[in-house]
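Input: structures, listed below.
Next come two complexes built around chain A: one with chain B, the other with chain C.
Now for the complex of A and B:
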């Protein structure tokens, strides 16, 4: 089990992000660029769960500068967020 | 009475959401919990959820545009009910256990000023029972907030037999100040939300138990045929199957109607520790 405060490699972060997202997508597959909010797989309530996940899984303390919705809408966005904020 | 300070008892999932909602609307909040660790966790989650609100479309309408630090500064935490002496309105969200709730109400009835309204956030305990544990029955009503509190604009408000019109008006106005609408229902076990939702989930579990369909099929049916965002078994896993079992059992005991008898599969799953998201496995694996 990796220590969540290790700086994750991009591939590792992507895998962990996907592992978290997949069960919430109502059985729909998602690409790295699919906007699951726009696609209606999740609603805005899910944003809070995403923020909690990012914090707990990667040890990131979110700040106002991180809070651009584009960082949360896609797998790529989350990978980018984790890369810059870790 | 002008409400400036709101007391929130219980810093669990619902309590922290209630505290956040009031603070966002400009109220001073005293958040009380026996556990300092729960209070720390609550403050941390509120801070994070306020940040999330900053970026969500339409957030400003929900008071989500303000600097999170300013909102947080309105929330004071405490581990004793004595901190509620200055509260103008109290919302109680402790665990759904009458013995625990009764002790809380007996204490705050002595701490809080006369006339301060107690909003009981319960889905299982009759409002009349709570009211009779206090010396202020006309000031007691049910305020059933649901998760996630800051994001939902509707609250089930329960009028007890003794609840005064003044108390009702005060509570509804306060909810209005939060940007929420209270729907007033009468005091009966399960009110509306639990009484309808719990047997729905229970019946969905019977369908799986009896081999009529798989969990995935049941949930897809609700999403695809009814347009529900989430099917009943997903909802059960989200709420917690132990909570579902507890709620349906309370309905069964209250109404003595076999339509509320818990599905044996539900009982077996709870006994096996398969509670849903909170334990990583329920009808789905997380």
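Now for the complex of A and C:
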């Protein structure tokens, strides 16, 4: 499921993000573009867990400019968020 | 910001709170301790909140209040990543707004009946009906809604099921009555002929009912356990709603007892989201037609003191679960007159309302309009001279008479 355009750094981020997400997906497989909120695999409160995860795992501080739901609803969005917020 | 005359007590905020969370701090301050009658937010360069000044009639115990306040902010506010409101609509026109409550009072159109309680007469009564009809007409353009009138009281169990007790304990209004026992009535005669004190609650029979904070809980309770047919279901109701808000001012902007027109959408996720979007757009168009000024932006419910309060607030804002329609009522102030909400399956699960094959929890959304606020904002923007009101409003009032 890894994007072939990933650099080694984003590839590593993608793997770590997927490793965090998979146990929360109600046993469902997800692609990197699946909106796991819209699919009903997680509820809205999971967003806060995602925020805590990316801050802790990647040592970033989320700022107002990062507060776009598109950054949180897919694996691709999280990879992009980690890349821009780092 | 809210300030009142009295003794000022400055409480440092340690650590400071980011500027984007200042509103979350402000909306909690009057609930920290009953002695607090007003406040000022003390911002440092860059906008971060370094402290608050709390006003009270008698001096506050600064250490005790500081402890309570900082604990509350630690649990409710500081864990939220700063997430400023995103504007999703702005009116075509900007219109100057001037508070008209003093003029309404002078004209006898409003009379303060108690804290946050106002008796209203004309022209507010007719305008309130006009705006209620306007909302229903806009709704009818795209949706066939089923209308209900609900009882004023709502079962405490229904609010508990909706999570209201854990989410909004500060707004809760309990209803009780004297226990139906002749000895209780005799004791009541003996002890309370001259007036009530809190001891009277010992003679109370139960707390099985509450005053409703809004209408949609009635709708979910009404549909509890049902399986809905395919497609979107739309329910609307209007009723008196009650939320305790500490620190009332004499105005129609912040009422304890007010009227809500509510629309509830029930159905598949995509249908509910599309309905909310379409209804919002139609409401905005109607406001533009009237020439009213305002904005709509992401918002959050006033969750308070729960373990998941920061998560609920932050996720509501991030996911666009709540949009607030805000209309100016003064040069430096606007009020939320309506909100457009998406609950996902929260209430479908809580009330076992199902749909589909296989059956799963229905999704829901709602739109609520505070009719007193909507009417008041109109008057603040257009004034009391009917000749200056939009023709559509004047025609609507003529038709009603």
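Observations
Keep in mind that, in the parts below, the second predicted complex is superposed on the first by the 78 of 86 C-alpha atoms of A that agree within 3 Å, B and C clash if a C-alpha of one lies under 4 Å from a C-alpha of the other, contacts with A are read in each partner's own complex, and residues count from 1 in each chain.
Everything that follows uses one rule, which is that a contact is a pair of C-beta atoms (placed from the backbone, for glycine too) under 8 Å apart; a residue touches a chain by one contact, two chains touch by 3 or more.
Given the structure is predicted, the values throughout are model-derived calculations rather than measurements.
After overlaying the two complexes on the shared chain, residue contacts for A:67 are found with chain B and with chain C alike. With both structures placed on the common chain, the touch criterion links A:44 to chain B and to chain C. Of the two partner chains placed by superposition, A:53 touches none, neither chain B nor chain C.
Contact with chain B, but none with chain C, is seen for A:26 once the two complexes are overlaid on the shared chain.
Common to the chain B-facing and chain C-facing surfaces of chain A are residues 43-45, 47-48, 51, 62-64, 67, 69, 72. Within the complex formed with chain A, the chain B residues making contact are 45, 48-49, 51-52, 54-57, 68, 148, 151, 216, 220, 223, 229, 284-286.
Per the touch definition, chain C reaches chain A in the complex via residues 20, 81-84, 86, 269, 308, 310-312, 314-321, 344-346. Against chain B, in their complex, chain A makes its touches with residues 23, 26-27, 43-45, 47-48, 51-52, 55, 62-64, 66-69, 72. Considering their complex, residues 37-38, 40, 43-49, 51, 62-64, 67, 69, 72 of chain A touch chain C.
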